[in-house]
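Letters are used for the chains, namely A, B, C and D, taken in the order the chains are written, and counting of residues starts over at 1 for each.
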Amino acid sequence: MSTPRTTTTAAKPKPYSFVNDYSVGMHPKILDLMVRDNMTQHAGYGLDSHCAEAARMIGELLEQPSADIHFISGGTQTNLIACSLALRPWEAVIATQLGHVSTHETGAIEATGHKVVTVPCPDGKLRVADIESALHENRSEHMVIPKLVYISNTTEVGTQYTKQELEDISAFCKEHDLYLFLDGARLASALSSPVNDLTLADIARLTDMFYIGATKAGGMFGEALVLLNDALKPNARHLIKQRGALMAKGWLLGIQFEVLMKDNLFLELSAHSNKMAAILKAGLEACGIRLAWPSASNQLFPILENTMIEELSKDFDMFTVEPLKDNTCIMRLCTSWATEEKECHRFVELLKRLVASTA
Amino acid sequence: MSTPRTTTTAAKPKPYSFVNDYSVGMHPKILDLMVRDNMTQHAGYGLDSHCAEAARMIGELLEQPSADIHFISGGTQTNLIACSLALRPWEAVIATQLGHVSTHETGAIEATGHKVVTVPCPDGKLRVADIESALHENRSEHMVIPKLVYISNTTEVGTQYTKQELEDISAFCKEHDLYLFLDGARLASALSSPVNDLTLADIARLTDMFYIGATKAGGMFGEALVLLNDALKPNARHLIKQRGALMAKGWLLGIQFEVLMKDNLFLELSAHSNKMAAILKAGLEACGIRLAWPSASNQLFPILENTMIEELSKDFDMFTVEPLKDNTCIMRLCTSWATEEKECHRFVELLKRLVASTA
Amino acid sequence: MSTPRTTTTAAKPKPYSFVNDYSVGMHPKILDLMVRDNMTQHAGYGLDSHCAEAARMIGELLEQPSADIHFISGGTQTNLIACSLALRPWEAVIATQLGHVSTHETGAIEATGHKVVTVPCPDGKLRVADIESALHENRSEHMVIPKLVYISNTTEVGTQYTKQELEDISAFCKEHDLYLFLDGARLASALSSPVNDLTLADIARLTDMFYIGATKAGGMFGEALVLLNDALKPNARHLIKQRGALMAKGWLLGIQFEVLMKDNLFLELSAHSNKMAAILKAGLEACGIRLAWPSASNQLFPILENTMIEELSKDFDMFTVEPLKDNTCIMRLCTSWATEEKECHRFVELLKRLVASTA
Amino acid sequence: MSTPRTTTTAAKPKPYSFVNDYSVGMHPKILDLMVRDNMTQHAGYGLDSHCAEAARMIGELLEQPSADIHFISGGTQTNLIACSLALRPWEAVIATQLGHVSTHETGAIEATGHKVVTVPCPDGKLRVADIESALHENRSEHMVIPKLVYISNTTEVGTQYTKQELEDISAFCKEHDLYLFLDGARLASALSSPVNDLTLADIARLTDMFYIGATKAGGMFGEALVLLNDALKPNARHLIKQRGALMAKGWLLGIQFEVLMKDNLFLELSAHSNKMAAILKAGLEACGIRLAWPSASNQLFPILENTMIEELSKDFDMFTVEPLKDNTCIMRLCTSWATEEKECHRFVELLKRLVASTA
């Protein structure tokens, strides 16, 4: 899968954007607290009261009071820190060929010295057999030792793990002395999806580390990296500092998570996001348009004809994932906590009109 | 020099903090624009109109329209990206033994594979003779090739470069095919200091790259990395992404610099910061207290007796730089755009009372 | 492909080994010169007269007097130095999924910070379309920039490039500003194969760097890394030293190449090696045994039944490449300059007897 | 200290060389065994009978049968592997400012991502107070964590540790959870020096890992890395392979150590080397020439006048360590197992004549 190219440009502001889930600022409640707190003096580097409170709230939701929680400003940074924290020089990551660490981080994991062993997973979900296959392929001292299993929930193509699937992967990892790391850049979307049967506490119980992304769930930026396995806890802050990820004004991250965790606001916002995607999905299906991957979350991947894309793009911005050979493209439509319902309906109506006119 | 330890704790909020220059949020004008802009849809990863405008404004101040400007969220991250951008595997950085890259980045530069060759510079300022000495010491293929000269302005100990000093270093670097990189985490404080004779345009003319820090100059976080040497420009964004420093909502950085650059707000704010430090400095000098390093900027390094520190700490938080052997410590007092003048006077008064009572 | 596991053990010395092409010492002419030269004082680190002479001889064979030639003690080391020499941090290698750098170097390339982008090439040979595909897949700043094309000749599965194929790859690389690097660990076997139409001079003309392996061509150890592209030449010795590959007694490498280059001894020895493999191949084909990959070089990959392997192993050691599902394995039979013809015939006879007895 | 520049050139072979201790081949007994063994088939990658036997012999000498022993082809490679094996990304090496890892490995340790924290040690020997000082300087999460203490015996300037000194360092390291690693490139010279009171068994008891160098003790090349601390043992071979240091024909290393360990040949050869240096030293002292560092081993560092150097260089090659300001240079004179006694006397006689003529 190629990197999507946005069709948004600064010079053409009118089309409504479904390009990604990080195209506007933050939830007003966060902004409110930032305004109120702005002139309060805080200790630096995440050693402030907001980070402490946010960490306490997360620990409670996880039912894991001994979890170590670190607030980091972006997903790629969190991924590279997590892998570097877990691995010795000869150890490697196992990920799907669609994994964010495999494709869209400009070699960030390799830049920390580690190979990403990829396995082909058509629906973006890693399964036990895939991990087994990666272990089977790498079994001599002339090869890396796969040690960390990387999964994303939701995945890079909008699919998500069931509780049973995660239980199976977790059991296999424990049995084979592998770390399980879950990239939760879109965890809120997964957890609030109608097909989800996982809780944060399940994820905390089944993984060695994971993170809860704020950037795509109502925050400004930031991921809460949760370390559960005691072996991963010492010196994490040293590594975070070394990689340039220890924010001087760390309370800005604490404030965001404090607000998002309160009354599960992050799940409420993501439920909206998923609902907006469901409107788009229903419209696409009603028009007989095929989706490249099945999704019950906030990312949809319709396969659209180029002529259709051209017409839609006059009013809406989408992401081009992959041009195919038959004058179609895999496109991405993304919704967020801020997506307006009327724009979703407007998109569906336009789509229906276009389909009708070409029938 | 050891890392300062703050005496601020969340549980004891009353003392006024002179611990650092990043203890409160951002200038209200930035917050205003963030609020107004919050629901506007933007392109991601710094490809938005705010970043474009901020870059244009900076380019104009620099009188270097062809400069490439990248907005990055922190100083350590900017330093490691800059060094990695400039150096081949066998090349090294030259820095003072007090340089931020030498001491307080948990080995961030070495983690990119490069040695930092340090030279002892008592006042924190690198001079041509120091660079010559580093080149002389590293002159066989069994040694690294020093290639990038790293300086900070203001330096880590509050001192700053004159125009002549920077001209000399720049000329030497050009002659010896060395890159000159200026860490500007506190550049605003340097430029607005009464002893300064440098302009942004001078710095742009004399260095190969430098950055303008916002974190300590009224911003929330962020540094504007300015690439001047054409050899450094290609693929900088690839490296920034790889190191996890390409913010999804990059316009948050653009907004800050747009506001800070407007009418040179960042210099106005730093002038205030320097003025507050001058009040403290006058008070310290009036009390006969020695400063470890001379400074006309927003960082002061008084050598205080431990008993005095204990008394002052009841009302004010300071940073302990280095415990000395004679029951004294090198302390750091730091002011910022948000420092209140009345607190500075209160500090001086308390100091005078304490000195009088022990006389 | 998994790493072959040898069935040789120190405790069971009788079976004749076809396990690999590095199971005995060096050609007697090298040993002779080493004995004669043993007490001569030489300059260290490859700055001696033997290295100079060997480099001169190679340069002449290449018809490239301006080539820079470095003698390095092993293949993995040469590969990692070559990639690190050529690449900036965000750049990557393109290789086949069977490439030595992709599979059997314990992540050596990733340990230098670079991703290896693999493309599936069933016969082990990379083609222009494969490179195009890797470029197509990596075309945004969220992805690495493929910059170095890695090929092996012969390949890891015994196949080899024609002149036309190498011309095509070379032209494509030049056009797309890619470095072409040829791993020549088994270059002597390729050049002396009956199907070869390439010369050393062709390879020097068509690549940016390559190496001539001695370990598998009559030497004790060592590879002659040839740098042709001027951009790769400066500071190669610095990098070689940094990676621990600048031998103190470097003339030991020079002596080997001096002897091997004289009258093209290395090609003569490899012709013998290929001839021995041809005897085995004719025998395997006569018995109707399928080869996993076609080969006219010194590595053969027969697919043998497990019962047959068990019987053969009483007299001959082979390498198990990959156990398949139908009670067969892909095995490797390897010949070298030292392989005895009578052992090849003995193998074929045993094979024929075993086949006849199971018919 | 700068890298010595040899005055030997290929074009001027006559002067006798005291430039280094690796200027001739290997002890004839090694060559004999290599010749006898040359056509024997062996398993690759150090899994052969010679390596097994050499490891057994070393284990016995160490009185540590559970030690893991790996044969690696050079000192820089061994140093970088040892450091990388021991350290997590945020951890650092402590070494003297004269340490080989600090100065003469082209940043090899930094290239594995780790900082070398240097402490000034005028005589090249690290002491407990130096380690304490390095720990004191690095005590916040904004700094690296020093974790591995690197010492050389003999040191880079010819000095050596007493048993009491090594006991003290070892006890301090154990108490502070630091690894102690001893670079033994010249360990044979140390152990056979008249002032030595250490045994191999002492060193094995007091360090976490160390190596015995062959290159400078009668071998062709190679170091035997001894891992004593169980935490360092797993996966060392993976790392050795990754760094390109797992020799295909590994038995060539085994053969060397087998011969050198037999009847302590390596100590006998080094005793000769030290004795030759003692002749030179006595001559230098008799002439009133000052040595930059005291040495009872095979390296001497006389401070010679430039005119004297010029005269001596007509007959003898020396190493220029450092040009000083008063028309003198620190030179290095190095002896080896192969140094001829008559050449030492000839050097002393020439020296005496020259001194007499200038008096």
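Here is the rule we go by: contacts are C-beta pairs under 8 Å (C-beta built on N, C-alpha and C of every residue); 3 or more make two chains touch, one makes a residue touch a chain.
As the structure is a computational prediction, the values presented were derived from the model and not from experiment.
With centres defined by CA atoms alone, the chain at the far end from chain D is A.
Against reference pair B-D, the listed pairs C-D, A-C or B-C yield one interface repeat, A-C (criterion: more than half of contact pairs the same by residue number).
Chain centres here are Cα means. That of chain A falls 33 Å from that of chain B.
Chain A and chain C have Cα centroids separated by 42 Å.
In this assembly, the C-alpha centroid of chain A lies 51 Å from the C-alpha centroid of chain D. Residue positions 89-90, 105-107, 111-113, 141-142, 144, 238-239, 241-242, 246 of chain D are each in touch with at least two other chains. Viewed as a network of touching protein chains, the structure reduces to a complete graph with every chain in contact with every other. Against chain C, in their complex, chain D makes its touches with residues 6, 8-10, 13, 16-17, 19-20, 22-26, 28, 31, 34-35, 37-44, 47-49, 52, 73-81, 105-108, 111, 215-216, 220-221, 238-239, 241-249, 252, 338. Chain D contributes residues 2-3, 5, 89-90, 92, 103-107, 110-116, 136-137, 139-144 to its touches with chain B in the complex. Chain C makes touch with chain B in their complex at residues 84, 88-90, 112-113, 141-142, 144-145, 235, 237-239, 241-242, 246.
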